[in-house]
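Here is the structure we will look at.
Each chain carries a letter (A, B and C) given by its place in the written order, and its residues are counted from 1.
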């Protein structure tokens, strides 16, 4: 009988745990090597493709050119100057978004009537691209810093509130009953039961909100502005300076990742106190 | 001939500090049409021996032969009944029972006809269109057995199939299994940690123990077939059970049990 | 739940979300309208619900709305459609083969963190101004959650099921088709729902910068002429589209799940 058995050959025992023998994954330490290798190979191929004229330099730039462009942007102080503006705008929008979004979201999760009142509006904003409001916000607040801060705020606050609400709602049934049984009052319930229980989800909301906020501030600056990293991207983009454009995009990606990573560490610390 | 030969079988796992040898020098022979049970303390590697016999696990030493054929990978001559039935939750009972045949390339009519036949055999007629989550644990395990039988294997490998069931269902299922097995007497290798189950079902019981573990004793169960409640209540049954319990207690207490 | 049975209950509990949620939206609209009527705010700057409604009717009447909506919908359909196909395929491979996962991982991460829209000058260079670039932006934005979720879906498939299939002689293709894919349907569908949301962002924002038609382009160009009312009308359409897309995606999610259980 033929059965076309083409399962992965069993791995040599001694390298794989028992139930991972056939057709199953296992997590090895080679990951870093592969990630690094992949990046190095792609960069090298990219550079070589350029060297041999396979792709157009103007379209694709080269890794070396990007590094050069980055060096120029850094040494001229141009990047740092604009980054300061962007950072200020980002935090001026993000911090109030946390301050407003977390309590409002928690309140929505806690009090049924408040949730029923605000949820449709919030969810509608959550599932629609609030960046669509950008031209409107610019119309109302001008092309200065205010419109950028407002966009960061709007993008972040919705995500943060939705997650804070979800966090409370996930906690509630499990813990509130127990707390009720011990006659916990409203304040104690909120501070000792709901907040700690919801904290992981709230922190996840902050991370998502921060990610969306970073994109928002860049796009807002891109749309119209006088300085900031987004504006820098815009001006290099208009001159089709692809190397600088790519370097700056990479910088934004790294910054977004860094903020997210920072919030993750913060969240781990915060939740570890609770345990 | 569908006899199973284990020759100096060795099984090791990757541990944090290098490979860890769980089973070593495992020697056994299961005759064609024989019902053999492996018992041993938990963690002794009895399930690993069974999975190795299916080819799901590659031994680090020695070999397993089905007839003259050395096992290197799963094949249609063997079918496993897994501990947790492991049915595909999105498939109906009929489609689950037909799964093995489907993997072996049987056409739709054949596999559904056969599946219906074996669903009837395990007593689940009328539940063909149910989904696994609608069945009790015992019923799910019946489906698991039907799925294995439907592929008409020469060897049936059963990995603690009734381990997750309550005592009463378990006894019932053992009786059912013997009834079905009696129809064509396939070679069965059955892993369990239930002493009663082992005595009730088997022609022979292989007792595993030691570290690394191996077969420390082989017990012939000389009880009449077909076996029923009367056999279970008999004196001979009790003797076997006591002997087996003593042995297991001895292996568990006298020698370090593998983690 | 914080609801406590009250002695007098005039409103059935089921109606409360609609009553309160709808009421809140209506109240906001009403206050806004009243503020304009009372002369508290300048309608040229803030517009009013009535003006927006009239603008919407005008846009529908002139055919502008339908035309723009069609344009944006087509861009989304192409961008998201290709993202769904490539994303699911790549995600399945990444979930199944860890080497593919490791090799592709850094680029997925980059695509997730980077402001894709900022790359529009480059995309314009490659694809030209207008719909092709918008489609490319929508694709790049929506493909990420599809990849990530599909990979996660495959990784989370119960190992026992894989072992069972292998034991019964499943080859790699039938393993993929009969076990991995159906088992990861819920996660894949959730990824598609997230993806279509991001795709919509990509279309709207892409049209701001690189479009030559569509709802996003309208928003941007109306704003350029200080037409607050027209902008709001278009934004309203986007919000409705976003909500409808989400509802539709959730419907499809549950549909796919029941279809999966019906699979022979």
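The definition used in the following text is that contacts are C-beta pairs under 8 Å (C-beta built on N, C-alpha and C of every residue); 3 or more make two chains touch, one makes a residue touch a chain.
Bear in mind that the values here come from a model prediction, so they are computed numbers and not experimental data.
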Dominant interface by contact count, named by its two chains: A-C
Centroid comparison with chain A (C-alpha atoms), farthest chain: B
Gap in Å, rounded to a whole number, between the CA centres of chain C and chain A: 17
For chain B paired with chain C, centre-to-centre distance based on mean C-alpha positions, whole Å: 50
Sequence positions of chain B contacting 2 or more other chains: 56, 74-76, 103-104
Touching two or more other chains - residues of chain A: 3-5, 7, 19, 22
Chain C: positions in contact with at least two other chains: 163, 165-166, 169-170
Touch list for chain C against partner chain B, complex: 158, 160-161, 163-170, 174, 178-179, 182-183, 185, 260-261, 263-264
Residues of chain A touching chain C in the complex: 3-8, 19-20, 22-25, 27-28, 30-31, 34-35, 37-39, 42, 58-59, 110-113, 116-121, 123-125, 127-129, 131-136, 138-140, 172-173, 211, 214-215, 218-219, 222-223, 230, 233, 237-238, 240, 242, 245-246, 248-250, 252-254, 256-257, 260
Complex contact set, residues of chain B against chain C: 54, 56, 74-76, 79-80, 82, 84, 86, 88, 90-92, 95, 99-100, 102-104, 131, 147, 151
Partner chain A, residues of chain C touching it in the complex: 1-3, 16-17, 19-25, 28, 45, 96, 98-99, 102-107, 109-110, 113-115, 117-122, 125-126, 155, 159, 162-163, 165-166, 169-173, 175, 197, 200-201, 204-205, 208-209, 216, 219-220, 222-224, 226, 228, 231-232, 234-235, 238-239, 241-243, 245-246
